[in-house]
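Order of writing sets the chain letters: A, B and C. Residues in each chain are counted from 1.
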Amino acid sequence: MLASIMMPPPVWCIAGAVLLTACSREQAPLDSDRVLTVFAAASLVTAFDSLGEVLERRTPDLGVRFNSAGSQQLARQLAQGAEGDVFASPDERWMRFAVERGLVEEPEVFARNRLVVIFARRPELETMQLVNLASPGLKLVLAAPEVPLGRYARESLRKLSAAPGFGPDFAARAEEGAVSLEDNARSVLAKVRLGEADAGIVYGSDVAPGDTAVRVVAIPDPFNVDVEYHIAVVKAARDTAAARGFIALVRGAEGQAILERYGFLSVPPASR
Amino acid sequence: MTPLRIALRVAGAVAAGVTVALLVLPVVALVLHTSPGALIASLAEERTLQALRLSAITSLVSLLLVVTVGAPTAVLLAGRRFRGKALLETLITLPMVLPPTVAGLGLLLAFGRAGLLGGTLSQFGVTVPFTTLAVIVAQTFVALPFFITAATSGLRAIDLRYLEAAATLRASPWHRTIRVTLPLALPSLAAGAAMGWARALGEFGATITLAGNLPGRTQTMPLAVYFALETDLDAAVALAVLLLAVSFAVLLAVRASPLHAGPAGASRPRL
Amino acid sequence: MLRAHVSRRIGPLALDATLEVERGMVLALVGESGSGKTTLLRLIAGLEQPDAGRVEVDGEVWADTAVGMHVPVERRPLGWVAQDYAVFPHLSALENIAFGLRASGVAARGARSQAAAALARVGLGDAAARRPAHLSGGEQQRVALARALVLRPRLLLLDEPFGALDPSTRQAMRRLLRALVAEDQVTTVCVTHSPLEALAIGERIAVLERGRIIQEGTAAELLRRPRSPVVARFLGINCFRGTIGRRDGAGLVEIRTESGTIAAVDPGGDAEVLATVDPRDIVVALDAPSGSARNVFRGAVAEISPEPPAGERVRVALDTEPPLVAEVTAEAVAALGLRVGMPVFAAFKATGVTPYR
């Protein structure tokens, strides 16, 4: 009973095959001398996979492995002594948790993200806009307030309440109409793609560029939330050099280009 | 006692000890992590009460459905051979090996608005996802195989000679089922129902996939614990312990009741 | 009255039997294991279906394959008592007996009082509330009997009812059964493997061998003229099947059997004959007897078994050719010092053996 609660957050894909291929990665070759273990939040997995491959090509004797889960679980695992070298997360609370417990060195920002609204491709939804998120009867799926995406989405909705034409109770009405509070972005995305939910709010990076299963509506900057991703070296890392190498790659030009390809927003060079 | 007997006894005790340690330690760890004060504080919260109430109601409704649908099915499976029986039995037990999340996905694709039965269901004004009904559907789906397996095995164990004797005593098939089969199978049925209920109560993966998570409507206790874990470990443990306490009390009551003792009530022979 | 003819193939066994039992009579159905006794009983009861046949009780047809008729068991006014009692473990003795009454629609109170009377009739009046787990084997059997009889069946079928009981209990149960059946005048068929029981209970005996009834009649008829060595063996008498051999011209003839030759009264003709020798007519001696007996055989003692109830009479099986079973007194056994393996002489008069067909 409790075992099912401690399950990793469900990773969402339509077909089982997609589930297996998109969310896993070949393990580092067993004959590498060095292994780098990166603890990364779920939303970073696909982008980090590519970054890992780049690093492996550059340093042939290094294998890169990823441990992906919710930020909360990753932080707790590190606190329990799990072996990780790098920690990356969009959730500043759990990064702070890690810092306060002396688990990581000073974190740095390496990417940003924004929120987008997605609508299911049902005929009656094709003309809907942001203001319709508060329409009665609209099946809106949000992330739970306990996870960062949920908090950010609510923040954005509140900002929109101040927009002309939305009404001061816009956020309240929209949240009232939420039919589910999912535990991660993938679930939100999946339910909208399946057509079971009408609309959802996810990170920009969650929507693949050519995805026709959803219709994306951008949230204008003034009403959007700037999500910052932090990355830090784990103090107990076995291979600190490799950890720093990975972080350097991520924050360097090549890494930033890759992140942009996956829908993230790069960080200006000055702050890197 | 011969040395072999002693050795077997010791081996048995050791195995039992390991089993208890493995199964009980995590529970003990949870209980030790919380305090009566924390439990009371948790109970005072609206979220907790909502989750408890929802879990209680949905699991009981699911149990009712499971027994209503499962008992006749078990009677059928325990009876005469018929074409496709082995296939039917296998299909019924299949959900037990499905990871609950996969089960939930299947349920969504079948009963969702955009699913196989979506159109038909909406014609009757019924939507399943994101409703309390979805919670019941998910729980029933996972609990049914457990109950049916236990019930079928209990029914099969009934000596046919009792049923023959009943027939010679003018009992119609219905009378035989009600007055002989069911009373003799009652301990197995009760055990199966308890297992099914426990499974329904602890359901998580299929529930969150099909029903989603909304306090008051679809957030059962297991979901509440999971989400509390995101922000407050202590609150999550308190909820978990509350859930454990309720389950423990009910399961113990069933085991200790005369329902479970069996018709003769006689003690088993020592082998 | 029971009129039944059923046939059924069960694996290698082809069961094909006809039974007719007068109303109120008790028929003992005997035979070796595997002969089909239990199946025959179950076919009459309707617990199994015959390949072909007809069962009629008191003029009512219970089954007739010719017209595709098969009255389900629960609608037949029969009584059934099995070897393992099948007393319902979840009901008390009284409730067990009331079961059939309730199933027939009798109201609870009436059922209970009838059941109580039936319980008293089998001597278990004070055991009404006891569950089978707290009843002895004999007591459970009584409950099973009362349970069946309280429904006033037209036909009572018993399948080795006392097989699992100890000898003294068995005796008591036999007496009880005879008394109850006589009182109720219910047509009864009782399967048993014990010759003593068949002789004690059955007014008539039917012997089943390999699926067929080879002989049916009163005990006296069977004892006097068993139709086959199987029947004879069952009844504990010597019986041989053989062909007519040399005649001595003085009224005696040799009967050649598979396992030896005996001298008997000449029955005339040349056909195959049967000949019986009563065990009590056989004299066992340590030395060759010098009397007028024409049949003298030599062989070792194969088995010595005291006869119930008290063993005053002893059956002595001999490895002669043909094999013989003699019945002597316990004193004789002691006087002769008979032991298994001992070589002895067995003798009986030819004039005492009358072959028949």
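Everything below uses one rule, namely that a residue touches a chain if its C-beta (ideal position, glycine included) is under 8 Å from a C-beta of that chain, and two chains touch if they have at least 3 such contacts.
Just so it is clear, the model here is predicted, and its values are computed rather than measured.
A.B. asks: So which chain ends up closest to the centre of the protein, judged by Cα positions averaged per chain?
C.D. replies: Nearest to the common C-alpha centre lies chain B.
A.B. asks: Taking CA centroids for every chain, report which one is farthest away from chain B.
C.D. replies: Farthest by centroid: C.
A.B. asks: Can you give the whole-Å distance between the Cα centres of chain B and chain C?
C.D. replies: Inter-chain centre distance comes to 54 Å.
A.B. asks: Rounded to a whole Å, what is the gap between the Cα centroids of chain A and chain C?
C.D. replies: 87
A.B. asks: Please report how many Å separate the Cα centroid of chain A from that of chain B, as a whole number.
C.D. replies: One centre to the other, that is 36 Å.
A.B. asks: Touching at least two other chains at once: which residues of chain A meet that condition?
C.D. replies: none
A.B. asks: Where on chain A is chain B touching in the complex?
C.D. replies: By the definition above, chain A touches chain B via 1-2, 4-5, 7, 10, 16, 70, 72, 139, 141, 144, 146-147, 178-183, 187, 191, 194-197.
A.B. asks: Quick one: in the complex, what on chain C touches chain B?
C.D. replies: Touching chain B: residues 45, 47, 72-76, 78-80, 82, 84, 86, 88-90, 99-100, 102-104, 131-133, 144, 147-148, 151 of chain C.
A.B. asks: Spell out the part of chain B that touches chain C in their complex, as residue ranges.
C.D. replies: Chain B reaches chain C through residues 159, 161-162, 164-173, 175, 179-180, 183-184, 263-266.
A.B. asks: Please name which positions on chain B make contact with chain A in the complex.
C.D. replies: Counting only chain B, the residues touching chain A are 26, 30, 100-102, 108-109, 112-115, 129-130, 198, 201-205, 208-209, 211-215, 218, 222, 225-231, 240, 243, 247.
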